[in-house]
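Input: structures, listed below.
One chain, subunit A, appears in both complexes that follow, with subunit B as partner in the first and subunit C in the second.
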Partner chain A sequence: MNKTIRKLAYPYYGWLYLLAIVPIAIMLVLVFFDIEGIGFSEARYTFRNFALFLEPSTLEAFGNSFLFATTATLVSAVLGYIVAYQVFRSRFRNKFIILTLFILPMWSNMLLRTEALGNIMERHNIFTDLLGIPGGFNLRGTGLAVLIGLVITYLPFMILPIYTALEKIDPSLEEAALDLGVTEMRKFWKVVFPLSIKGVITGCIMVFLPCLSGFAIPEILGNGNIMLIGNIIEQSFRNMSYNLGSLLAITILFFIFGSLMIVNKVDKEGGTLI
Partner chain B sequence: MKKVIIELRDVYKQFDDDLIVNGINLQIYENEFLTLLGPSGCGKTTTLRMIGGFEQPNKGEIIINGKIFNDLPPYARPINTVFQRYALFPHLNVFENVAFGLKNRGWDYLARFFNQEEMEKEILKEKEAGGEINPKVTKHDLKKKINEKISEAVMKALDMVKLTGLEKRKIDQMSGGQQQRVALARAIVNRPQILLLDEPLAALDLKLRQNMQYELKEMQRKLGITFVYVTHDQEEAMTMSDRIVVMKDGVIQQLGTPKDIYNEPVNRYVATFVGESNIIPGTYLGKKVAFLGAEFDCLDYPFAVNEPVDVVIRPEDFDVIDHEKAKLTGIVTSSIFKGVHNELLVDIQGHEFIVNTYENYAVGEPIGLKVDPYEIHLMKVQGNE
Partner chain C sequence: MIEYSKATLEEYGYKDRRFLKKVYRISTKVLVVAVIFLMYLPVLTIALQSFNSSSELSSFGSFTFKWYGQIFRHPMLASAIQNTAIVSLTSTILATVLGTFIAMGIYYLFPKAKQQILLLNNIPILNADIVTGISLMLVFSLLLPVFPYIFGLPTLILAHLFFTLPYVILSVLPKLGEVDPNLMDAAADLGLKPIKSLVKVMVPAVKAGIFSGMLLAFTMSVDDFVVSYYTTGNGYDNLSIWIYGSIGRKSLTPSVYAFSTLLTLGTALVLLAVNLLSKRKVRNK
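Moving on, here comes the complex of A and B:
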């Protein structure tokens, strides 16, 4: 029985090797060559990519990525916590419906959603057309537009783990805190928040990682003005400069694995990941 | 005259359409160990939670120290609670758990709690001993002193529950019995006037539970705190309580000392819930009672002559006598050796009686029984029970 079930996983293993592990291995090799595409006939062993890596434009993109990812994560954490806490506290019977509402936008295509958001951010957008009011200002193409896009897109990833963590807190702990003489505010900071911190950390990483490596949102909402590392990787591969692209991608992977290890450590049972 | 510390006046509590507490009147005295006893769903926990401030009564008043406390939040009451599943904070260690109640209080509260004047004196003394001339007490000094005092109080509380040396432990590294003790220490460190305990021993095994019963009683005596204890275990209630409140369906059935409740249950419900008993229908004849075709002497009861009554006889109150001399005779239908005594089931005119005796009887043997007048307890007959 067990063996048969295990056999069912073989296609997935094949998939995993073919589309994840093999490409990573190839990228690891490509890092040390200077070639166009993946033609190994003229391959030359070199460290030139590492020099490119240290170019100001690349470093700036890295800096931008971290700046935007960090800011978006912090903003999402604050907003996400407030939302999750409100849902947790609400007397609404079927909280699952509220949570579904938050996830609902994720069921439509991200590119379309982002494009629509970009339209709203323009001076003349669908609302000014429909309502016949003069346009105010153009947000599209600015850093703020990218930040808003990142937060709107990834906020659900923050809300869900925080909500799950809050829901797991034994209600008698809150009663115990009140019983021991603390006020509602202190109860929150001394009991509820520390016990939900796992969910916050999980949520932060779930938001931070896609913000760090993504390229579609800065591309669409930033009008190409804002260069994140994801954009550089995308351009490198598009320009057949696989070597630099590989190096940058591997670097990002390094951060991703690091973050996942943090999640593993904080949340051993995986309780806050849905 | 004992001082009343808590008074419940005509208290009702309703959840949706369920009337959980149905008009309770109760006075709880200072320094007493009072137990709310009843099966699950009888409203005892809800009553406790209303005293603790976790639920508000729909009607009636909860008076503590002469003031109406109905709407006061839990933190404003001179009360601490030991919760059923302990409710210890998993993110704090044992010391931090116990210190929680004091650490999170405001300056004024702590200055009063530890007596500011005395602390100032102590600080001055220490400073003089350290060779300072014209020492002054700064706020910083007081803060330090308060922290010292909190640590002292926590260690003392941990000592009281015999957990010295475990203060750095994480909660999940403690056994159920130890967690129970942490919960106790966390409550008593705040020196509450009233301690509420919601079935605190329910999760412990029998031996540990019995030990804790004695310790709790001992602690209550030493601390001079009013304990309000909730349990469904009648033996637990008997062992520890000064007074017991037997509850059913949100109504108090009987309030009295363990002895009263056991010896003079007011109705069938109390008689069967507290200990084992034999209940037979009879007729009151004025200092005499007739049942099973014979007349027995009994004490004086405020019943009318010829009024039907329920007769209660505890299994251990039967005396075994010669078959010929006995008014009550029956056949032994079962005999179980219980260690100290034998538990017999005796069939008397079709009624089954439980009889505890040291004598040995075989199944099928005839047996003669006698009951002393003061062992016969009469109760008013209640219609639907």
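Moving on, here comes the complex of A and C:
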């Protein structure tokens, strides 16, 4: 009987190979050619695309991406852990409501939320007008604005895995630790934190990757002043330069596969990913 | 009688941290409230903007409902909403049904094959949206010679199915582990064919997982911008793509804010109702 049921998974192999692995192969091929779009009629074999890595604008975009993604991940990890831990410790045990609370903002369109955030970052905005206070400074267009935008947008992806990991900890372990005479502080660092590290790792990956590769938030909140890798990929594909875009996408893929390996190691069932 | 001085608690090594604890408790509470407030700040701004009679973004004219009335009168917005609804509903339903059965298939795989497919299954979740979008666009453009009109609705649904399926699978899989394995054997003993017993026995047993997977899939699908941006065609805009274009042209109508507010409120009410209903059911049992 299990044999029949097992067959249900086989088409999914094909689907994943076709839509996830084949395109990577296509991109790997595109990297070595010099063509417009993906017409192979005038394809020429070349290594010229790799010169892209020597361009200062690309290097700057890579630097920016890492700076923003790392900072945003660290800030959200600290904030996310505190929030997840407090919610976990509160007597509030209704998981459904907690999930709803953190998922609900996602029901407004991401771009619309970013645009709204951008609007209230301007010197004169709807809140200064309503409250009658003179506008202070213009945050929009600065790096800080992009950072705040990234943190606010991706924080739920940090909070939820950490909360899930915390919830799975057996409460008797904590009681045992207290029985053995440790202080609350040591109990946290020796028992609770190590057991929740899985959630922290997953959360960090879920925040780091979209921050590294996104292009809409830096574009809307940075007013085009701040270029990340995502923006350069987007521009390459818009200019029909698929080769350069593929090259950068492949570069990002290295990080993604690295993350995939980490997730596979710490969490085989993928239980903290959602 | 000799008066011995009494040892104080401090001399036994007790450190009075009551004050610090209080500071810690209050500051973390303030922080949590502040973070949640920040997360909702954009949503609040959107709501405020939707009641603003002036379409200026920097000043509040007076309180009005007029933008709500104009949501479906704006032709571009109305069609974008319609497209989003069609794409998200179709892909969510497909992902829920297919994902549930795929998850069951995966559950009965041998451990090694199971680990392999789960690794592949994580790719759409972890992959950068822009890489997913470009990848799918490349595959779909290979199909162009066979299906010349594929770009638009069909590609959008396939793309959304691609990145929502893993969420359903990951929600259903852990619930399958909790089901009593004897149930399937009992169904087989009673003469049910394997597929039928899946539908009759396993699906009801993992209902909760299927529901949360469906909810996640729909949320991801409605909120997606980047993947849709690369896989659509023929001017088939969903809400995200249309908003991105409007932000670029600086021509965003306040009716979008009205629609977004309605959607958020509606979702909140539905989720609350579901929560209350499920609670009542538990109590009745």
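Annotations for the structure displayed:
Keep this in mind: the second predicted complex is superposed on the first by the 249 of 274 C-alpha atoms of A that agree within 3 Å, B and C clash if a C-alpha of one lies under 4 Å from a C-alpha of the other, contacts with A are read in each partner's own complex, and residues count from 1 in each chain.
Simple rule for what comes next: a contact is a pair of C-beta atoms (placed from the backbone, for glycine too) under 8 Å apart; a residue touches a chain by one contact, two chains touch by 3 or more.
Note that the coordinates shown come from a computational prediction; the quantities given were computed from them, not determined experimentally.
Applying the stated contact rule after C-alpha superposition, one finds that A:L28 touches neither subunit B nor subunit C.
Using the contact criterion defined above for the overlaid structures, shared-chain residue A:A51 touches neither subunit B nor subunit C, since it reaches no partner.
In the superposed pair of complexes, A:N119 makes contact with subunit C only, with no contact to subunit B.
Of the two partners subunit B and subunit C, more subunit A residues are in touch with C. In the superposition on chain A, A:M240 makes contact with neither subunit B nor subunit C. In the superposition on chain A, contact of A:P194 is made with subunit B only, not with subunit C. By the touch criterion stated above, A:N264 is placed in contact with subunit C alone, subunit B being left untouched.
The touching residues of subunit A, counted against subunit B in their complex, run 170, 172-173, 175-183, 186, 190-191, 194-195. Across the interface of their complex, subunit A is touched by residues 28-29, 31-32, 35-36, 38-43, 45-46, 48-49, 52, 57-60, 101-102, 104-109, 115, 117-131, 134-136, 138-139, 141-142, 162, 165, 167, 170-171, 173-174, 184, 188, 194-195, 198, 216, 219, 222-223, 225-226, 230, 239-240, 243-244, 247, 252, 256-257, 260-261, 263-264, 267-268, 271-272, 274-275, 278 of subunit C. Only residues 1-2, 4-13, 15-24, 26-27, 38, 79, 82-83, 86-87, 94, 96-97, 100-117, 119-120, 122, 124-127, 129-130, 152, 155-156, 205-206, 209-210, 212-216, 220, 230, 233-234, 237, 245-246, 249, 252-253, 256, 259-260, 263-264, 268-271, 273-274 of subunit A touch subunit C when the two sit together in their complex. Those residues of subunit B that touch subunit A in the shared complex are 52-54, 73-75, 79-81, 83-85, 87-91, 100-101, 104-105, 109, 186, 190.
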